[in-house]
Amino acid sequence: MGTATGIIRALNSGIKHIALKRFTLRYPEEKLKFVGDGYQFDPSTGVGIAGLKGRHMLFHDHCTGCQLCSIACEGVAEAIGMVKVPEEWKQNKKSIMPQIDYGKCVFCGLCVDACPFYALYMTNDYELSSFSKEGLIYTPAQLAVKPEVAQDSEIQISARGATHG
Amino acid sequence: MIKKCAYLFIQKLGFKAKLVGELAGNYSTVVLMFGFAVAAMAPALVISRMISPRKRSNPVKFLPMECGQVPSGEGRTHFMMQYYAYILMFVVFDVVAIFLYAWGSTILYLPKEATLPIIGFLAIIFAAMAFALQQSGRRNIW
Amino acid sequence: MSSDSEKEAVEKKPEESKPTETKPPEKPATAKPDEQKPAATKPAPAKKPAPTKEEPELPAFEKGIADKIIEKFGEKTTISFVKPDRVGIKVGRDDIHNVAEFARDTLNYDHVDSVAGVDYPADKEIEVVYHLSSYTDPTLSRQILELATRAQREEDPIPGNDATKLPSLRDIFYSVEFHEREVFEMLGVYFEGHPDNRRLLLPEDWADLPPLRKDFRNKGR
Amino acid sequence: MSVIAPNFKLSEFIKSILDNVFWFLLIFTLIGIPAVMFILFYIEMPVIDGELLTPFLALTWLADPSRSIPILKAFMATDLFRIAAFPGFGFAALLAAGTIFVERKMLAKLQLRVGPFYCGKVEGILQLMGDGLKLISKEIIIPAKADKPLFWAAPVLFVATAAAFVALIPVAPGWVVADLDVGLLAVFAVIGFFPIITILSAWSANSKFPFIGGIRALYQMVSFEIPLILSLLGVVILTGTLNLSEITASQSSFPWIIFLPIGAIVFFITMLAELERIPFDLPEAESEIVAGWLTEFSGMMYGLVQLGTYLKLYSFAALFVVLFLGGWNGPMIWPPFPEEIITEGIELGPVTAQFPGLPVFSQEMLNGTIWFVLKTVGVIFFILLPRGVFPRIRVDMLLDLGWKKLIGLAFVNIFIALGLLYAGILGPGGIL
Amino acid sequence: MSSPTLPPGLAIQKADERIMTLNVGPQHPGSGHMRIIVQIDGDYIVACDPDPGYVHRGEEKMAEYRNYTLNVPHLERPVIHDSCNILYPYVLAAEELLGLEIPERAKYIRVIASELNRCIYTQYWLAIYGIFLGHSTMFMWPAGDRELLIDLMEKMTGARVTHSYFIPGGIRNDLPANFEDVCLRQVNYFEKRIKEYADVFYNNPILISRTEKTGVLTRENAIKLGTTGSVLRASGVDYDVRKKEPYDVYDELDFETNVMKDGDSYARSRIPWLDMMESCRIIRNALQKMPKSGSVRVKLKPNPKGELGSVYKRIESGRGALGCYIVSDKKVEPYRVKLSVPSFRNLIALPHLLIGEKLGNMPSVYWSLNYWPVEADR
């Protein structure tokens, strides 16, 4: 009898779930909303600010070409290389800035931690796929562009189950 | 002659076969259904064979599945599961089960006393089955 | 391993432990220019905890464990450190079997957490560290006993067929079986008495040096 | 780009399709049409609506749609229509396709997923077609040492056997492909073929995992065939016939499941096992023996086996309906036809369309079909549901269940039927 | 096969010809990234030889070339579903070697992240356990409900699986605003969801009859083989590092360890499920006791050098006690990093459990060991 009860309970539980809400994020149409503008690091306090570790953003007017991000990355992914930039910046005498290869980057954010001048951020943009390996290499000019992201879906919990809205 | 044969053939295919008995005609429809499915499904394989790519360059592709390893040993081997006894039991009791149908389908026309031998027969079956099940439980002898 | 110093002295005055373990003259000069890691100075001896804190404040329970081992085996073993919940013992390769048996039977350590091999090219030795722990004895549940022993190291190793050998502890602690196989393939230490000294993680056709030796170089590093 | 994987070029794919279409059309027009004309010329054509059907007339329906109606009517009266379309293959394949879709969506709902969604705009309704296209355009790989004729034949035979099973199912009064006097025994005969095909294909693949899967299929058959047969004996005892149509007709007042619930439960469980559905899908247990006896099938061969499986699922569900749920019996819900539709046709804009099927399809038949389909879909739902809530069982548990529990229950069912008969509740002289 | 003199079928088979060798894995739905060579006699397994190493990446060797901070992103790779926990002992050991004392708030956040990660890992494990038993719903439900916690981890750390969150000196970033409320809401719902697994899975009579009394590991054997985690606790040994040797703030939190006596597959699969409920309790408790503000990371000077010596630290991960042994030689890089991973320690039990079992029990017994092949290979 215990067996029969168990089987009936299992069937009952299965049928009950047919009425629950679907818990699927239909990705290209819905995008999950993240906290803040992305992972940032405050060198003065030594603590990061929570956010998604997506693709980087480089502030050219802060970057001094000190290569600390590149050195940090050398131990992790070797994704950051320093390249010459055409512009002249007074804080950046050598005119070199990081160029990031997202084919290698592991999005750990240690380069952001390493930057002492608040020049390298991470943004909420994670759609970086490309048809060629070259397309994954982001030059300093590309990194300076703030990405447009439309992410608004959030987990909503109600009596009829959780859903992505 | 040719005309006659073709006529018969088409009659078989399409129209009620008048030349064959009604009963055989009924059975023939089962066979026809079988043949129809074969005739309808074989083209699926043929079309698939025609439009799908065929690359025969890599012989490894045609090895039997062995989870990414090079196959070791034959696929067709002497392989015996420890439940062999059940197969022997099946051979016997399947016939018995069908035999019961001969009794069951005519029970409405039989006198009630005719059931008693069957009950006795079932009792013998139960005894035999219990013995066989007990033997089949002895996995080490199989 | 002939360490003649007093166990007590070693513990309390860690600077003395230096000469006991490895050959003192070699150490300063070991750093070859091409070696990325210079000769391991002292693997296990933890001078820091003892001297910085007050000396008499060695954790009593752990010290008791260490004392028991020293009492039994005397000069054959050395205490490399005593820290809260951790005791480090150094044993020669001939005595490791007996010490492990003692640890199991008398001290109630019943399994091995991990077996780590450490390569010391400057000492021409490979250290194998057994981390013993106990499930059955509630007083030992926090404790880890590190049994360290050293095997001779060969420059051109032929794993299994050279002098880099140690007695296996599998007959004492069954749980070292896979760990010792790993140490064998990663460092080339052959465990005598181990029933199954085969490759475990590396590919079957691995023909290079054992990869965790210091002279095996990662590409580009 | 990978070196090994060939580059897929859409243009080449389309070209290969167009090539085949071209050759088909060429051969058909040069050989096929003359051959048809030739055959039609030598054949004595039947008389339809008082008019002799000549080859010319038979082909004029291409030009004149109104002429096609008598031909269609004639066609619908033939066995070929029954085999290919209505109670036979087409109907069953349609229901099977619907089953696949319902299974995927229902399982997705149960598992809080979405299921097929994008193909066909409306909740992925065309997903099955997409899958079919994918399967048909995939390469068929046959293991090098396989027994090729058997290996090729297995999927086709599987579908054909399932189709033969479909042929035995009465859908509506008089609408059955093969109305056999020993229909139930024929069903057992056909069911017995499936494990043989499984074992043959498993043996022919010359690979270990299919082999084990085939052996397991054999054991599954061995342990569940006898309870399956015995569980239906109760119905036979009470009706006194083996003809499925007569069994259905005997349930006009009440279905047998009311009197023989134990038999129905045993038959349902054995049905799941014969279908290799989830609690009993040992021959295809993917976590143990990769995909069981399907491991070496690829492309359309796999697709055919799946089609056969779902045809089989429909047939078993229909058999359950026929034996225990009263088949086509049910209150009349189909609206009666106005006389003029049958006699005069319907005015649809400028033309008068005479509904071709109506003289063939009667109201009873359509009503019966509706009830039959509704009940079958209900049973199919309960066949699909265990897949969501039960794990797979083991071979020894399976044998235990089949040989010790289900056979015992089947005998209990027989004795219940005997008791009902001899107590005079049912049978001649009873309330029946 | 038959000898030529005898007609086929009458050839006398040698006894060992009954035995078939099956390579289960690495490309098998019922193995992870490893191969289990099993020999079966009919339905029974007579020999079993696990062959891990297909995803061996030399993490220990790689760790010798990077400094204590830069080791973080790649040391978490072996178990990306449990990446906080596999970093935990490394970070604890590195902090002891570097002489760091981390802030109180960071300890609590570490505990929360670690427990969330344990649930994420266990859900993944449970999903695969479900599919190994042919229970597709039990694959989809945990995989979906896991999303609730992954969402929390994403808010917390900025990454879905490879968090790189713990670092010598504390944690990378503070919690986002109103994280506590969201966390409490989702964890409560998560706990409600996992309790619903009982009807369909854990109390399902078919599952119970299938996994009970299979692959029994006795208490003596569990101790002798040095197993750990849920395998050990399912065999009746009450040993949880969180209780026995509390690290960070586990000694201040209120929770219990789950122990079962049977030592069979069912007990081994039930323990992680019960552990998840305890994890939810720990998370709620930690959220309550956590200091509401304060620093979460001590500033580290660039390229810190470790003290001379060695440290062995262990924690309780989703699979069992996870130890990290670091030898330092006063350099920027550690001299030797050894991860003592629970999967590797539990693997030794696999042949002991499988021999004599039926082939149909292989996936359930194998996966009930809470084994993660990538972690064992490192």
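Going in written order, the chains are labelled A, B, C, D and E, and every chain counts its residues from 1.
Quick note on the criterion: a contact is a pair of C-beta atoms (placed from the backbone, for glycine too) under 8 Å apart; a residue touches a chain by one contact, two chains touch by 3 or more.
A quick note: this is a predicted structure, and the numbers were derived from the prediction, not measured.
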- So which chains count as neighbours of both subunit C and subunit D? E
- Query: Greatest Cα-centroid separation from subunit A: which chain?
  - Reply: B
- Chain nearest the global centroid, as defined over all protein CA atoms shown: E
- Could you work out which chain's C-alpha centre is the most distant one from the centre of subunit D? C
- Task: Select, from all pairs of chains, the pair with the highest number of C-beta pairs in contact.
- Result: B-D
- Item | Centroid spacing, where centroids are CA-atom means, of subunit A and subunit E in whole angstrom | 26
- Message: Please tell me the distance, in whole Å, between the geometric centres of subunit D and subunit E computed from their C-alpha atoms.
- Response: 46
- How far is the middle of subunit C from the middle of subunit E, if each middle is the mean of its Cα atoms, in Å? 27
- Query: Can you list the residues of subunit D that touch 2 or more other chains?
  - Reply: 110-113, 208-209, 212, 290, 388-390, 395-396
- Note on the structure: Note: subunit A residues in touch with at least two other chains are 7, 10, 13-14, 23-24
- Out of subunit E, which residues touch more than one other chain, so two or more? 20, 28, 43, 65, 137, 144, 200, 204, 206
- For this entry, which pairs of chains touch? A-D, A-E, B-D, B-E, C-E, D-E
- Note on the structure: Counting only contacts in the complex, subunit B reaches subunit E at residues 66-69, 72-74, 77-83
- If you look only at subunit E, which of its residues touch subunit A in the complex? 65-67, 69-74, 137, 144-145, 147-148, 151, 154-159, 162, 164, 172-177, 179, 185-186, 189, 193, 196, 199-200, 203-206, 208, 295-300
- Query: For the complex, which residues does subunit E have touching subunit B?
  - Reply: 1, 13, 17-18, 20-21, 23-28, 31, 35, 42-44
- Note on the structure: Note: in the complex, subunit A contacts subunit D through residues 7, 10-11, 13-15, 17-18, 20-24, 26, 161
- Query: Which residues, counting only subunit D, touch subunit B once they are in their complex?
  - Reply: 4, 6, 13, 16-17, 20, 39, 42-44, 46, 75, 78-80, 82-84, 88-89, 135-146, 152, 155-157, 159-164, 166-168, 177-181, 184-186, 188, 203, 205-212, 215, 218-219, 222-223, 225-226, 229-230, 233, 236-237, 240-242, 290, 295-296, 299-301, 303-304, 307, 395-396, 399, 403-404, 407, 411, 414, 418, 421-422, 427-428
